[in-house]
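Both complexes shown next keep chain A, but they swap its partner, so chain B is in the first and chain C is in the second.
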Partner chain A sequence: MIQAPTGDRSRLWKLWPLVPISAALIFTSALLLLFDASPAEAYRAMWDGSFGGQDKILSVLAFWVPLLLASAGLVITFTAGLWNIGVEGQIILGAICASWVALNVNAPSGVLIPLEIVAAMVGGALWGGLSAVLKTRGKVNEIFSGLALNNLAIILTNYLISGPWQPPEGGSFRGTTPFQDAALWPRLLDSRFSPLSLLLAVAALVAVYFVLRGTTWGLKLKALGKNPYSAYLLGVSSERETILAMMFCGALAGLGGAVRVLSWFDSLRQSISGGIGFLALLIVMLAGYRILWVPLIAFFFSVVLNGSITLQLKTQLHSALGGILTGVMVLFVLLFGSARQLGLGGTQASAGGAPGTDLPDVTPADAITTDIPGGD
Partner chain B sequence: MHVELRDIRKYFGHVKANDGISMVLEPGKIYALVGENGAGKSTLMKILSGYQPPTGGEILLDGRPVEFHSPADALAKGVGMLYQDPLDMPPFRVIDNYLLGRDSRVRLNYKDARTELENLAQRYNFHIDPNATIDSLSMGERQQLELVRLLAGGAQVLILDEPTTGISAEQKEILFESMRKMTREEGKTVILVSHKLEEVQELCLYAYVLRRGRLEGEQELPCLNEALVEMMFGQVPQRTRRPAFAVGEPVLELQDVSIESYQLNIPNINLSVRAGEIFGFAGLEGSGQRQVMQVCSGLLSPTGGRVRLNGEDVTGWSFHRRQRDGMGYVPAGRLEEGLVAGLTLTEHLVLARPDKKFFVDWKANQVEMGERISTYQIVGRPETTADALSGGNQQRLLFSLLNTPLKLLLLEHPTRGLDVRSADYTWQLLYKRREHGTAILFISADLDEIIEHSDRIAVFSGGVMSRVLDTQSTTAEELGHLIGGQA
Partner chain C sequence: MENAQLIAVLASIILQASPLIIAVCGEILTERSGVVNLSLDGTMLMAAMTAFVVGLKTDNIWLGFAAAAVIGAIFAAIVALGSIRLGQSQVAVGFVLALLGDDLSAFLGQNYTRMRGVSVPHYGIPVLKDIPVVGPILFDHDVVVYFAMALIVVTWWWLNRTQPGLKLRGSGERPTAAFARGVDVNRLRYLYTILGGALVGIAGAAFSLDVKIGWSDGHIRGTGWIALAIVIFGGWSPIRGAFGALLFGATKALATVLQRAFPEVSVVAFNSIPWILMILVLLAVGSDYTERFINAMPRGWQRPLRRVLRVSPPMALGTPFHEG
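Let's look at the complex of A and B:
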């Protein structure tokens, strides 16, 4: 039924994220031509916006880091067959918890920053764990609880910045007062980029890589994502692993939230995440759920989105073009994904991880908890 | 309507689900279609109801050859099928569901539909409230609604697939009465697909028996159950060899276990399986043996009674806890429940081992899996994925993943789908387990296998477990009686 991938074909599969990217570039170019704009000029403007100067490059890096953190976490939940849409809320909770520390604790940087990191990770993990428990105990699909918790997180932010944490000069609904200097992460050359945050993101990526490659837990998640019932019969506790996977992702996403408040901004703002969680979902899907592709694709997203700001300044084109480009790309990914499923483009995944086309078929752990009394 | 099937064939790859089946069905009669699971009944009925096209052969309605493009097309041509799970839309009201697929105008005519529905329901003595929502109906009422919908759609030939599963005795009587009315008074053709031989005997005039994709025989009804059982299972040979083995202490004990579900009530199971004993569950599919097995494994909670493992009460224990305590379970569907497609053999081994560490020692596990591959004669390599193995090798893989020692081994259809050589090999492995004192409990649809390998047998029929039979002193006739539901 399923052919063993030959060497040639598995090499193709390794490169396949490039296919939808180029297809999206071609499509967007055609769109630009349709509006009498020059694609070459537009892409050059984007390039300048991302690489035309030190400040711009640092801004790309600063935007890249939270994307990396959230994406690294999502690789874990996707492997376990979970659609962690709540990642956006987990980022926000991380931002809120880090802000609490920044606002309420008086200590030197050396104490404050580790505290902020821990608080952000705990906040994100609890928000993710809540989604997981609602799933395993309440049989609420994690997509719906995730959406609800995202909204709750946004409402909580708005309450805090217009209520208890509002600046002394009056609530503006825009943000809290800037945090004490000791609370902010050291940033490079007056930019928004903190090298510390990049170190943390790299550590997260390496950790996820090793979890999936070399640990029993990673293998359990893989089994759970591919066939929850068989995994159960082989001795994997679906409830425990589901909760742990969501908490793991939540912790990394929460850390991403801390980066947003303590390095990108200097205070808790109204839309503190601004859709980074959703972007991360797209990045991981585009990466075919494989951690090694995540840094590259996240970087590409950061370049496109930063570049489109300059695009609007230099040309008459709206900065939404960046959004169009990334959006179209994801559509192409899904399209190529189903083409592969039909056997047109390539093969099933080799040892690399869950291929994109596996996921819609996954009926994660709720199928199990209804059949099996007690869990573990 | 006069129905004729000519040489119907349906192949799935090299599996011949239907291999040249011909039959004639006359108007005004109720026919039974019987056979063990996998005999090809469902495939044949799905072809006749337009759900899937045959690989070859033809269908004649009133002498004219027809081709169905979809179930709706078949219904338009006069053939309707009532599935085991009615195909209705739970959040809808009865009347909406009834109109669905019947009235394609923009503005639905509720008034006429309601009258039509009520008239039809009244004719067959069905009780349907048009304003009730589907999810508030019982299984029997949903079935009645679906029947009415098929009849209103013009069905002259009705196929009922296991219609009495999950409905009350009273609803069953109403259903049977309506089936008699449809045939005797209205000249419709009715086909009953059923595992329950008593019902077949009570209701049908004629039975077609399928076995392994072919028409094994036909029989006027009523007749002796044994005649049907023999056609369904083939000649049951007497046991040939009897490996003498002294059995030990009781390992698994069920005390007054009862299981209730919407499909089946299983009262009062008392059972004891001893160390080194092989215990077989016989019976037609869906007679309750699977549920009892699941209670033994901890996958299903009994509504009453106790389960003991080596004298210890494990009733409240989860599957995983029993697994850690020395229970092994090999399910029927290998790739659906038991193995994970896409994971390698070594990865399966890592998951199944009781001594899990945080970091996986891939090298050691690779070596261990290599050893198990040669011990269990699996055709594959440690890095092969489970789905790339053949059915027999998947079964051996499942056996190779079982821990040693085991107190209790539960097996569902251990040799289903295997060729003779693989099946023999499976049993050799099981005999080895029994020598180490493992109590083995297995379900099989194959009577030969049950008689050949069990020390003792229990037969299930409609949720009731027979007395426990000693294989040496029982006969194939006695088993046939019990399977047919006669004590």
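Let's look at the complex of A and C:
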């Protein structure tokens, strides 16, 4: 039931992005009232936490960068119809590999930093590749292998910081000793934000944009994501593309992990990623799996999440509120995003990340039916 | 003495596995009707938190269980609504709900962490519990355990021996054929998704009110995903699923025993066991190498081996059904 857009309807469409945002704000306000907290004050605290001063803004930027890197990678895997839940573990492996270089190699910054970047990307790519091989060779759905590998990566981090990489002064379970200065990335104005990391993230976004727009590989990934069977008939090797897509995403996520240890922190910490991979999954879903919307939505997420940390410091309210706000928004868009089904919309592409007409938002559902083990 | 210890360990495995068994049976009902409810992890966290708080405030565990069932039903209803009415991806909606439930439980339960609450009463079944060996292992437990045992049998019987169960399997295997036979496929899917969700909610409550009493941030995080993996490993059968849950419980108990025996081995090794096991069991039932292994065996062994080692999902699992 595709209808031609009438004037009224297309004007209404422009307001669509406000609907999920308001829905999420109403929901979180209700929660705040339940706890006898004033929503106005809470949102003010969150706003101050993100924009109240130079250091706050730089912190938003610093948190934004790994989100961008992981999201850019996820656009590739989603395009190929893969649910790369393992992105969180790929970030952690990147962080671990970058930390290994920072702890074990003595060299000037000019050598050390490129080495860290390569190590992080290799680490993330291998962790992603493992998930992919388990899928193609072992018929283990990537959602489950990803979750297991996420948890194994967290356990590995805890082992490293309480065992071999333990600070010499002994048993703190929180992190390694700060790395040598040469290993850390140059940061702006004493903040956690490194311009180099933003440069890398922008490069990643541009790369993903061009891969999907103008390369044969991008076309193969789209074919695989939209219809694995016809892709197979056309000679696209699903095993090869699956492994490549997961390794590509893993490499970018791993780079995000390096940013966490070498710019956000200065050491390997217990919760080094702390859910950045899951946030990136939500960002890409909200973006309707399109790279162009990723920067803006990732920035919004960074603002909300940074703000909610300040909220917890100021008002003692749990910082999970930020996650609830973004989660409700994504759920709302997922449920009502393609308002076509409700008979509201036209064919015009909607602005707020609502899945359009030709997007792979149906492929993950296909993927799970075709990939659950033992489908014979 | 040795025997008494062994009996205690076996009894604790059964207790530990019971909430998992309840969740697995619930999800099996949902998936056999053709819907994947991926929100289990968030649902169980929310249900565990709700059950604990309601139990604490009302001093009545049954109200806690009821509230948890309602929470589970609501989460499942959102998945059903999203996939059946609105035609959205079940995986996406379920996954977002899994994350959202985690955050919601952390926020709503923030004032109730690490408190003493109410817990499920212990009830040894008269006569049966006095049978040597078997009695203390199976019949001297909390009611949650008996509920889980009964649920395995009832779910199996419902699926395989009743008319409604046949319709349920029909909508998960061949919805078009079932529809042609007069089955309202989408109504059944709503029904079993919500019913399965309620059971998953009860499973969450079984944790916070019995097996892992209390509430803390991320109390049983990860358990929902393990339950989902067990559904696959269990080949969508309640009996095999229960066996899978017991296997997980047994591995955990074994890890605890080993850890006490070899304290020098890092706790890390033991924490990673459930996740490594998750990958291994899924590999075992899915991989092509298993098929090759079966084919290399003597002919007479192949059929029974295939029955044990291979599983196949409901054919229409995760796909929407449009009438006409």
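Definition applied: the second predicted complex is superposed on the first by the 296 of 376 C-alpha atoms of A that agree within 3 Å, B and C clash if a C-alpha of one lies under 4 Å from a C-alpha of the other, contacts with A are read in each partner's own complex, and residues count from 1 in each chain.
Heads up, the rule we're going with is that a residue touches a chain if its C-beta (ideal position, glycine included) is under 8 Å from a C-beta of that chain, and two chains touch if they have at least 3 such contacts.
It should be emphasised that the depicted structure is a prediction, and the values quoted were computed from it without experimental measurement.
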* Asked: Looking at chain A, does chain B or chain C touch a larger number of its residues?
  -> C
* Does chain B (first) or chain C (second) touch A:I21, or do both, or does neither? -> neither
* After superposition on the shared chain, which partner residues are touched by A:G214: those of chain B (first), chain C (second), both, or neither? -> first
* To do: Using the superposition on chain A described above, determine whether A:Y229 touches chain B (first), chain C (second), both, or neither.
  => first
* Given the touch rule stated above, what does A:V328 touch, chain B (first), chain C (second), both, or neither? -> second
* Asked: For A:W83, is the partner it touches chain B (first), chain C (second), both, or none of the two (neither)?
  -> second
* Would you check which partner chain A:S237 touches, where first means chain B only, second means chain C only, and both and neither mean what they say? => first
* Asked: Just chain B (first), just chain C (second), both, or neither: which does A:N158 touch?
  -> second
* For A:L134, is the partner it touches chain B (first), chain C (second), both, or none of the two (neither)? -> second
* Of the residues on chain A, which ones does chain B touch that chain C also touches? -> 372-376
* To do: Show which residues of chain C lie in contact with chain A when the two form their complex.
  => 36, 38, 78, 81-83, 86-93, 95-97, 99-100, 102-104, 106-108, 110, 222, 225, 228-229, 232, 235, 266, 268, 271-272, 275-276, 278-279, 282-283, 285-289, 310-313, 316-320
* **Partner chain C, residues of chain A touching it in the complex** => 31, 34, 83, 85, 134, 137-141, 143-145, 147-149, 151-152, 155-156, 158-159, 163, 278, 281-282, 285, 317-318, 320-321, 323-324, 327-328, 330-331, 334-338, 341-342, 361-362, 364-365, 367-369, 372-376
* Spell out the part of chain B that touches chain A in their complex, as residue ranges. => 298-301, 316, 318-321, 323, 329, 331, 335-344, 347-348, 350-352, 354, 356-360, 362, 383, 387-388, 401
* Touching residues on chain A, where the partner in the complex is chain B -> 1-2, 4, 214-217, 219-220, 222-223, 226-227, 229-237, 348-349, 351, 354, 358, 371-376
